[in-house]
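Comments concern the structure below.
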Amino acid sequence: MLRVTDLVTGYHSDPILHGVSFGLQAGSILAVLGHNGAGKSSLVRALVGLLPVWSGHIAINGRDLTTASSAGRIRAGLAVSFQDDPVFPTLSVQTNLLLGGFVRWHNRDLVGERCERVLELFPRLRQRYRQPAYVMSGGERRMLSIGMALMSDPRIIILDEPSTGLSPGMTEHVFDTIAAIRDEFGKSVILVEQNVRQALERADRAIVLKTGGIVFDGEPGDLAQDSTELVLMF
Amino acid sequence: MTAQLFGLWRRAAVVGLMLGNLLLASPLPAAAAGDVRIGICQSTAQGPATFSTALWKGAELALADVNAHGGIGGHPLRPVPVDVGNNDPAQARLSLNKAIDLDKITSLVCWGTNVMVQNGPLIDDADILAFTTSSGTKVVKASKLTQQLEAVTSLYCKVAAAEIKRQYPAVKTFAVLYVNYEFGIELRDKCEEEFGKKGIRLVASEGHPNAPPDLRSQLTKLIDAKPDAIYLAPIGGGTVALGIRTARELGYKGLLTTYGAGDTPDIYTLKLAEDNFFYVSHATPPGAPEAVKTATEQYGGYTLMGYEYVWLVARLGNEVLKNGQKLSGNALVAQLRKDRDIQTPVNRYVFQDDGYTIRPLAIFTIEHGARKLQHVLSASDLE
Amino acid sequence: MAYLIDVLTLTAILAIAVHGYMLIKGLGGMLHLGHAVFYGIGAYASAIMSTTLLPPGYFLVAVMAGALAAGLGALLIGWPALQERARYFMIVTFSLQLIFVTLVINLGFTGGPDGLSSIPRMSFGPWQPNRHWSLDLGLAAIGYPEIKLLVVLGFAALSYWFCSRIVHSPYGRLIRAVRDDERVAEAYGRDAMRARLSILLIGAAVTGMAGGLFAHHFNYVGPSQFGLDLTMLMLAMLILGGQYSLAGATFGAMLMVGLLEALRFVLDDGLGVPFHMIAHLRQAIFSIILILILALRPRGLFPETLARYRRPAAMPRPERLTRRDRAMEPPGGGEILKAGGLIKHFGGLAAVDGAGLSLRPALIVAIIGSNGAGKTTVFNLLSGFERADAGEAHLGAVSLLGRRPAEIARLGVARTFQDVRIWARLTVIENILVSRRHQPGENPARLFLSPRRVASAERSNLEAAWVVLERFGLAEKANQLGSDVSYAQRKMLALARVCAFDPTVLLLDEPTSGVDPRRLDVFLDHIRAFAKADQRAVCLIEHNMTVVRELADWVMYMDGGRVLASGTPTDVLGDDVLMRRYLGHRDPVVA
Amino acid sequence: MSIFQSALPFLANGLSLGLSIALVALAMALIWRVVGMIDFGLGAVYLVSAYALLGLHTELGFSLPLAILGALACGIAAAILIYGLVYRHFISRNAPLFVMVLVGLSLFLAGENLLGAALSSQKFYVIDAQLPGVDVLGTRLNVAQLGKMAVSLAALAGIAYFCLRTAPGTMILAVADNKRLALGVGIYVDHAYVWTFGLAGLMVSAAAIPDVAESGVDPYVALNPVLLALAAIIIGGLGSFRAPVLGAVLLGLAFHLAVWLFPASWQEVIAYGLVVVVLIARPQGLFGALHAARERA
């Protein structure tokens, strides 16, 4: 599905990721773990095309996207939900969702149908439908953002720390939704998370980033079982 | 940013600066010796910019004539631009210094009360003859070698007042809409004085910036004072037209009048100006050269002055040389005031020793998209 | 040569005005579009002094009065305009520029639209030359214009000296720090607002002086002379020369005047442009050149000149940091910072919900917890960057809450930032120098009143800075820009900087995140040294549990804005329930 | 006549001036919100469409409606060209606001003076007769003014509709609201910018045309509209599409009521003084709530 090979990138002079490689299976969840500064968000930005790739390759279904603009990548079937400022604040929930499906606008029916499914998935959004996004709570914004990512009917959804700033209950809900996205919508998900355990429970595969390199790549089960060890691994 | 790149840039810059200063210092422009340089002011300010073009067009014609007839003592006349920018005295001084120092101009025509007043001493020191097309009364007081070519504000007001008395006896009160610059304010005060002498009372006056966004509030206020006539005192640049249009639209039926600033093509073609409006400006008598007349119709009243300026300089220059003197501001001015009463191909002037000039003025109205000469007040009428 | 002299005189005057612009825009980083206003205020003020208030011969006094007036003007404009909202400064100054001309026309004492004429020539006491004054030196006679040029050049030199003194002083360094990141400057106990205002005032005064000179050079000031186009001209000069360099400002003025004058010749004699177009074309070409400069060389011809410091030959070797055993006595007693019941809401979300902590000298406390647990917010509350809704925090007897960051920092509570936030356009060593406290050179007045004291203080400051750099292994990078060193080095610099500030309490926000594990030990040693060697109270937010194990004497586990558990690292990290929760398990935990 | 009655004409004229400023203000506000720059280059656009109208109508003898359409087209083209040829370069290097302002101003000045050099600074009229008008509140407003008022109200409604109902409009809003996310959903930001400048160009020309019809064209006509527009956004703020329009109306009223209360020579001081006061009292503008939204989001 998605294949990243020897990805090197960073901000102006200093590299953040030095040579990251991993793959993503269709219809699976890949958990990307690691604590702040490990390079997770740089990876996201590089995948979406907001950060120039210094060397290495990014390909979806064998099609090379290394040099594609972000717009190009979205059209190639990528979708993202950012960690911070994940929505358009002054626009209504409706408009936000529509914009989520921007690259599919030529196909009105699809967009409409998507919109319905998203609203089924997040009934809360239906109540908020006509209100501007900035009046909503963090959790609602997170749902909206994930919903937007679904709107473009992508092959791969990148979720950057979806649980940030959410109450425990809300976090549970979000993670269940992510599972649903895989199972019901049949999407592949790249789940960048700090809530290791919850991520692992849903993930089919996990990689652990540490200071710009991959220190673990494998089945979640193979990760250390003892919490303390696991914590120290970071 | 590599060091050598900076080095490169700096070197480029240094060269540029050197070049600049070299050009400043070099006598290069004065190289084509022999010809007689005369300065003509240019302006980028709204209003002045318009009549500086007119002035130049007139000068151009005269230059052609004069140089065809051997210029001054066989030396052709050559115009030198003097850029007064936004009518800024400091900028003007810089340009004037260049014209004096490097181009060695023998005479100048310029305007802008502040521009002229502040540079008066410079003109005297440089020993050049200066004509001014400014109407400011202070101008000639600041310099011995400056002669007014334009009629002064007081004269304009006097003539306007007389015309009103003659043609519109019903008018007993008037108001002034003036540009809030030194010039507009002077015009307001002089007119209050001159109109007063004819028993016409100033009932209201409002100022406006040069190039106002609109004049509606000012005119509403003036019209509230129920004046029989409104005197427009802008620097020009279409403000006259705006004033007329707005006044009429606000339902003002009374008389509208102004001075030379109204003598521009945009007024000629303004239908609104065709009733109950006149302005005082310079006449182009039937005898004037055809080229001058057509140019005036095209560029406006200041064309004349450009023409007469060059013509006068040529005449005076030749006389001075004939008397075996060398060309200098003092010599030229002395000659000018000695001849005193001069008839140019266009007008008759009386150049007084105090620098003021008695010159014919004419009353114009607008008719069929052109200005219509009502009648001329010759210099002798005004003496 | 009257022309050349006139040009040079005007150039020198403008150069001084552009020096002032450089201080405000380049050094102070304030977006300023009303420079002609300061110039005009100066010109008018000194003109009024000379024409009405002063007896002849007091030229210098009049010029100084101009500077003073401009300074006051700047104060009046800057005080409201810089409060919290520097981003509107440009629009404020621009509007003022638009008003100024009309205002002057309408005021009485400015001579209204006529302006003020017959301003006396430059005169010094008994020497009051008339226009034709001249001094015969045998070979050549020197006239008043030459003298005037010399005087103005003298002033230009003076202004250059004065400004470069400012730029290269500790004060100038501070201003640049504020320009780069004022929040951090406040975190180091500096009052950013005052810094901005002071440099605005100084810049305006210099410009006002130029205005005063102009008034006496031209003997006339009128409204039309101080319009937007003059501001544009000065700005063009500044941008062309390089807004961060004093030499650039000077040079830009010369170059731009040279260019404008050269255009006369090029257009008229060179290209033979139609006569009546020349004036307009000069303006047009000037504007186009300005655009080209901005496009091709946005930073101008001259870069910012950075002082290069030479490493002293005999460096005191930093004492080897020995890993002593950690003091293990339980907290309580001897504490210097105590906070409790802290509450902070953002919108509906409670970021901090009753958290508290207590810090003691030589003790390292680590706060752990998942993102959004409120760790950083606690730091923000303690360091004054956020206002607490409720709770209390005391440093010794002093209450911290409700104080501005600068005050708190001055009390001795220093913090680092998660996103490193070093002053990117200061060199590494300058980052250290700025951070150090008690620098007399930060007071612009002292620079000139007690230069010796400033110099000696700076010398010792420099020595101390080198020691710090040595200790943190940054000495090699001392003269590199903060933005040019690697991420790890910036992280290290952040530590070095806070160490140089010499606080009693240290709040470190993820000091090791993103650091190469191979370098980690160095960081650990330094942090440990803060506490153990320097006897400081240290509190750090940390995700890397290895680090926590290594460093912490005491660990607090935060979640949902509350402290759920605290104890020795082994206790907390050993508590599997907590750890599972930390990793995202949400089964209930008894706090 | 009571004080109140005497004020009416000033109110009416102030309103009409305000609404005619509103168009340019709206354009400027749009660009400020989407691109994040104060675009004085709009002055050049204004000049282009003004002279285009003149040229098409009086020189090439097009009928007035045709000439108007042509002028609108020229305005749009000019705005887009300026973006493509000049601004894009600076935006792509994300030049600071200060530089953008300077570039815009220089463009404007260059345009002004090039026209002055090429076509002389003489004033030309498209319509030289008195414009028909109607009496309102004891004053008389001509068709050009009424036109301006109508157009700017229409534009206000139009732009709101455009942005909220049409695809490119939504695109623009998205970029204005959250540029990174806009990229994240696959919007070509460059397209959004082209639309923005095109739209701004349209509005500016729509403002220029009635102005020219009313009081002719010379190289200086654009200065007032642009400066007043800036003042209007400062007063109104950028919170909504309404804000700049309200700001413009307030400014227009200030301009005229100032004359009602004081000698007209103080007009500008009072009007721009108002700007400074607003800046100091309420920097986000009187009707601006945008920052609140931003900060909460």
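For reference, chains read A, B, C and D in written order, and residue numbers begin at 1 within each chain.
As a working rule, a contact is a pair of C-beta atoms (placed from the backbone, for glycine too) under 8 Å apart; a residue touches a chain by one contact, two chains touch by 3 or more.
Keep in mind that this is a model prediction, so the values were computed, not measured.
S.K.: B-C versus C-D: which has more C-beta pairs touching?
M.R.: Top pair by contacting C-beta pairs is B-C.
S.K.: Nearest whole angstrom, what separates the Cα centre of subunit B from the Cα centre of subunit D?
M.R.: 35
S.K.: What whole-number Å value describes the gap between the mean CA coordinates of subunit B and subunit C?
M.R.: Going by mean C-alpha positions, subunit B sits 51 Å from subunit C.
S.K.: Mind checking the centre-to-centre distance between subunit A and subunit B? Centres are C-alpha means, answer in whole Å.
M.R.: Each chain's C-alpha centroid was found; their separation is 74 Å.
S.K.: Listing for subunit A: what residues touch at least two other chains?
M.R.: none
S.K.: Tell me, which residues of subunit B touch at least two other chains?
M.R.: 44, 49, 53, 180, 209
S.K.: What positions in subunit D touch 2 or more of the other chains?
M.R.: Where subunit D meets two or more other chains at a single residue, that happens at 113, 116, 120-121, 265, 268, 296.
S.K.: Among the chains present, which pairs are found to touch?
M.R.: Here the touching pairs of chains are A-C, A-D, B-C, B-D, C-D.
S.K.: In their complex, what parts of subunit B are in touch with subunit D?
M.R.: Subunit B residues touching subunit D: 44, 46, 49-50, 53, 180, 206-209, 211-214, 216-218, 220-221, 224, 237-238, 241-242, 245, 248-251, 264-266, 269-272.
S.K.: In their shared complex, at which residues does subunit C touch subunit A?
M.R.: Answer in residue numbers: 347-349, 370-372, 418, 483-484, 486-487, 510, 513-517, 543-546, 549, 560, 573-574, 576, 579-580, 582-586.
S.K.: Inside the complex, what are the residues of subunit A that reach subunit D?
M.R.: Residue positions touching the partner: 48-50, 69-71, 74-75, 79-80, 82, 85-91, 95, 98-100, 102-103, 105, 132-135, 141, 148, 152.
S.K.: Flag every residue of subunit C that touches subunit D in the complex, lowest number first.
M.R.: Of all residues in subunit C, those touching subunit D are 31, 33, 80-81, 85, 88, 90-92, 94-96, 98-99, 102-103, 105-106, 232, 235, 239, 276-277, 280-281, 283-284, 287-288, 290-291, 294-295, 298, 347.
S.K.: Going by the contact rule set out above, which residues of subunit A touch subunit C in the complex?
M.R.: So the residues of subunit A in touch with subunit C come to 12-14, 16, 35-39, 137-138, 161, 163-168, 171-172, 193-199, 210-212, 226-228, 230-232, 234.
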